[in-house]
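Quick one: structure below, then a few questions.
Here the chain labels run A, B, C, D, E and F in written order, and each chain numbers its own residues starting at 1.
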């Protein structure tokens, strides 16, 4: 009822400001928002192809459901906490329930709720890659809802909050499109969650192979496509900065993919499709913080260099105790960190960035390291806290025999590729009463 | 020959008007058109994943072929009938064969043929969901060709025709992006067609399960992406109205999906992937008529509320006699109707709409009800008429033993996932002479 | 090191020119570039669905890896050779390593490197359709890298180079979006490569069937979507020309698809899904050179007519000796040629083109024929040369028993749809030492 | 002990399963197979490639039963799987020398008597 | 009556089918299986996960024949399925006690004689 | 000669394979099947359509062995495939009259003795 009242109130109060919107800016930001939204289904396929057949729907739903749950908490609570003035540590509640956000401005203000909302959604979805095959669905939904408000919104405020009240921005750290907020943040949350939940049953004993590699390539292709909105849209206009960010988003992953294929060929003898898809994502992650701050050759170098840490880590990861199932840390964590640091190296004044280490400003590199550390520490603590609290309320992890049956049947009562033969139609709806 | 003559004539007559185009508007409308076009292949996957393996190609082709056939009749006949002045009941023939349509205007006029054409295509494709697994392909193609001209163009004229000669628009009914014309219209046509054709063989006796749920999620993801063009583009500009419609298209389905998952969890115990995908579509359908007329909180409420009728209807539908195979009525019909009515409730003057019931204008709600009823009655009668006439010319329905073999082999002479082993290459082309 | 030095140099030298960017133009060109990029993963699915299961990853990787390798050589070398002033025959080295390209201009100059880069990538990827199932991966990568520089960049210069120093443009030949440079060029390279490599093992003896036709439809749908950027973006602005090119890209394939389905129905009795997908691509290829030069009815006629040569050639191709495996010649070669010639017929002054044959200017038709011939001859010779040279260095073709195992296992050490059961996890990384 | 192997139409599987359950035959294994009988072929065309598909999808049942159940089982299958059209399939009865239930190590008759605990 | 079970290479299936048709052997059922013989393994790598694939795709034929056809059938398979490389597969001949044609209820010899009406 | 047919849990396949290899049993064929035993069913819902899934994924092993290997093989399977829960599966031993190695035409005992060259 209070919400309903609010609807009416806000509806009446909103100022019509159609005339101020700038066509080019608005057109590009509309497109960018749509592109970033598409990244979440894309990720569902990237991740879904990498898991075993019995877990594919659950894996996809961990992303897909974020479009529902995270969007809601973001629009109602997160946006205000991230972008409201508040303090250096956190925004305020002035825009709770989107209060006071209208359509004024060169880019209509309300659109920013959507644009930034798609970032919040994909960030939550990214975490799932660490946890597939064992985390129950209800605690997952609760986790990402709480995490979006308590972790993501806070870190977003530190990096992108209003100048003067944004912890890391005010420090001088630069992050064009969210390497810290999105990728490092999600990866650390993933690793922490793996520690809390433990590895999948049979991890290290059986081989867990992808069930559909074309889906992985589909996901990677759509992610790349969507990432043009992620990085290009972060220029907040159809301008030179967007063009630079866009072109770098085209060049850097190309370099990463080429280097990755060479590494694979030199070591294993064969360039793999899963490897190429992974490399594209790593390159995209790497260029994210740098996109509008480095020149195109800088982007190529950055892309080539970020391949190394991720490649070697992912190669040895299955031999570690850590069951970060789909290598969120290797791809997004290390990719995000190397990207953030290399942004400090390659950032070029003439291309719109602060001067970086290569232009003699070693200081920027230090600031970038500080920002990365701050994000890592905050994300680790906050994610751990949320999960431990949730664990008090309900079991987070599916039991071993439930994992054996598969998360699709367990959590969703479905199979990905059902075969109707042998299935008996039940017309009187019964309660299935099964475990979930 | 006459057409050829016309080509030359029109070509010569066209005025070059490049200079008038507004960059932002044109850019966004180009993008929107592309996005709406993508919805048809997206729908092919949404529907194709939901059917059994032996019918997947036929299901996809029912959408895909609409891109050919409906586009043609729309450009040649439909556009003029819908957007020509004419009377309140139907447009005129002044733009037959795109006669006189040039590139003048802030948005080049010709582009509107394409933009509106993608709507006509997806509407026809939507109907197929009711009919998969039993309707022959040739009558399907004829049906959608005739229906686009005789039903869709007429209803489009009523709702979007030139002010002063558009039946429902002049009544005061509002429909931002086509809830009535597209969704209610297609759903009613689907239901009527089911009545004419009858249920599939074995309906109510065997379980018909989806064969590929990841395809359903892919389709839903791409539909959502494309819907930003559907709703956002209906603002006909990169302006505040587009930003509002876009943001609402992001928010409403999120609410629907969340509510749907809760309903499923409360009743069956598990939130399903097919359910989440369906919910997203229902939310998108629901917000369609309201997108540019309600505020963001209104959109959330609307999204949450449209979940209910569709959810409960779809839950019981398999127990009805009506074999609306992929729930076009449940998703698009009920979603469209609740959306249209809730538009009458939540429409807010300050956000660009007429005042709705919540702002004290109960009248709008009545007008919306009238518009829905008009659409339902017209669509039912016209769809029934076309199908009965077609049935005089040819059998509409595949025989039971043909259905058992599957529509892919029957109508297209193909299987979706062929296994070449055991297939014997025939180099001398023979006539297969099989039934079709 | 030299490159690194250059990075810094160029970074410092770049002029900031943000203020000149035109919003509408830039927004549309950003979108167009993203759309064309998406065409390469789309092609991977179009092609990947058409091959047998044991070759799907290799087929997809032939496209996907082009996003890495071709992007690099294009940005570093190709762009300068294509768009630098130079002579009529080839550009110069003034923009090597993107030297001197900044963000100035209504459309920021650097963005053109990306926009044109996506064309170079898809062109290389197109060739792979002729070669799937037998070409080794390393020579493929080397081939497309060299070919992009020595063939593609040269032909691009002839057609799109700076006026006054572009061989075919100066001749008066018109090619709106690259029928000659992209489609004819790729198809001829494919045919030549088939001659050099020979047919697949068992060609003409066993039936090679597609393994996943929904993937073919997905690829076709995404290709169509992306093609709006390909053709619409070639107007280099969000203007009337873009709207015309866009609308024609919507209309022509619709006509092609309808004609194709009728041809199939008349001959074989059934309209196939693979046929409809192929038809859409043929129509898109056909309209490519004409998109911004013909009126909408001209586009419909052109679309309808290009169906014929491609349809009949593809129908008989399996009976020829030529194992152009996925009909690159039939679809892109013949489609491109008929499109180029029909551009000479339907081009209309009033719609922005030169007057064509229908407007009395038979001369244009001759020029178009000359341009096609020039492209065919150059592409054939250059492609042949590169392949013969590569063949001196390494075997291009997989041995018969390697083909029997499949290219996925051979070249990538992966299967597309792995089944983990029966797979033994190896924790101590061993060198596999297998052939590749 | 006998092993009854039956190839049937996929669309009849549910009926056959029901019929078997009614006949108290519980343990069985099914697999998706393709069969060729005496009939005509289906023609498919993929671009210019025309192929004859001589194989039809069938389902194979394997049912290990003790002697006394052989006739019951065959009758149950016959009753439910027959459509009367060519392609209905065949039933083969093979001798079995020994049966072992993996869970318990029980042999022969004991091994094919079902228990009432949940299967997973 | 005998059941001839043969595991062969998938790429030889068409040749074997042709060879069997020439030998007038009509009824048969095939299934996709995976086999392990005496040989080496293929190594695959998915990200850091390296696996040995010890199993190769094979096709299994099941052919119920009357006594007189056993030798013909075996020879037809041998002639068409042999490549000479390890992995060609095996043929097993199992006794069958009874055969029933579901469509007609005919038993044994009568049940394996093909008819000429279309199979579906 | 005997044909040992075993239905086991898919997740036990690797263990069983290992166990068989240790027991020097080399040649075998596996296929993915679905089985029904004596237990309860899983319920799934697709939109309003609720279905009972009575069938569980299993793997079928077919192993042709000479008489002397029968016991070893059975024991190897039992040791590795048992979980103790309902659904562990069954082993059937069928008589085989003749075995032919396709590659060489060798028969019976000789046909099931593995060679050391690479399988493909």
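We adopt the following convention: a contact is a pair of C-beta atoms (placed from the backbone, for glycine too) under 8 Å apart; a residue touches a chain by one contact, two chains touch by 3 or more.
What you are looking at is a predicted structure, and each value in this text was computed from that prediction instead of being measured.
Engineer: Would you pick out the chains that touch subunit B and also touch subunit E?
Structural biologist: A, C, D, F
Engineer: Smallest number of touch links from subunit A to reach subunit B?
Structural biologist: The fewest touching-chain steps linking subunit A to subunit B number 1.
Engineer: Please tell me whether the contact surfaces of subunit D and subunit E are same or different in residue numbering, using the over-half criterion.
Structural biologist: Comparing the two copies, subunit D and subunit E contact each other through largely different residue numbers, since under half are shared.
Engineer: List the centre-to-centre spacing of subunit A and subunit C in whole Å, with centres computed as mean CA coordinates.
Structural biologist: Roughly 32 Å separates the two chain centres.
Engineer: When the centre of a chain is set as the mean of its C-alpha atoms, what distance in Å lies between subunit A and subunit D?
Structural biologist: About 49 Å separates the centre of subunit A from that of subunit D.
Engineer: Report the inter-chain centroid distance for subunit D and subunit F in whole angstrom, where each centroid is the mean of the CA atoms.
Structural biologist: The mean C-alpha positions of subunit D and subunit F differ by 17 Å.
Engineer: Residues of subunit D that touch two or more other chains: which are they?
Structural biologist: Within subunit D, the residues that touch at least two other chains are 14, 17, 30-31, 34, 36, 45-46, 48-49, 51, 54-55, 85, 94-95, 120.
Engineer: Multi-chain contacts in subunit C: which residues touch at least two other chains?
Structural biologist: Counting only residues that touch two or more other chains, subunit C contributes 22-25, 27-28, 31, 206-210, 212, 218, 238, 268, 270, 272, 274, 315, 318-319, 404, 413-415, 418-420, 422-425, 427, 429, 432, 434.
Engineer: Classify the inter-chain contact topology: is it line, ring, star, complete, or other?
Structural biologist: Shape = complete; every chain linked to every other.
Engineer: For the complex, which residues does subunit F have touching subunit A?
Structural biologist: Touching subunit A: residues 11, 14, 34, 36, 41-46, 48-55 of subunit F.
Engineer: Show which residues of subunit E lie in contact with subunit D when the two form their complex.
Structural biologist: 1, 3, 17, 26-31, 62, 64, 94-103, 105, 111-112, 114-120
Engineer: Please name which positions on subunit C make contact with subunit E in the complex.
Structural biologist: Residues in contact with subunit E: 202, 206, 404, 409, 413-415, 418, 420, 422-427, 429-430, 432, 434.
Engineer: Name, in rising order, each residue of subunit C that touches subunit D in their complex.
Structural biologist: Residues 207-210, 268, 270, 272, 274-275, 278, 314-319, 327.
Engineer: With touch defined as at the start, can you tell me which subunit D residues reach subunit C in the complex?
Structural biologist: Contact set of subunit D toward subunit C: 45-49, 51.
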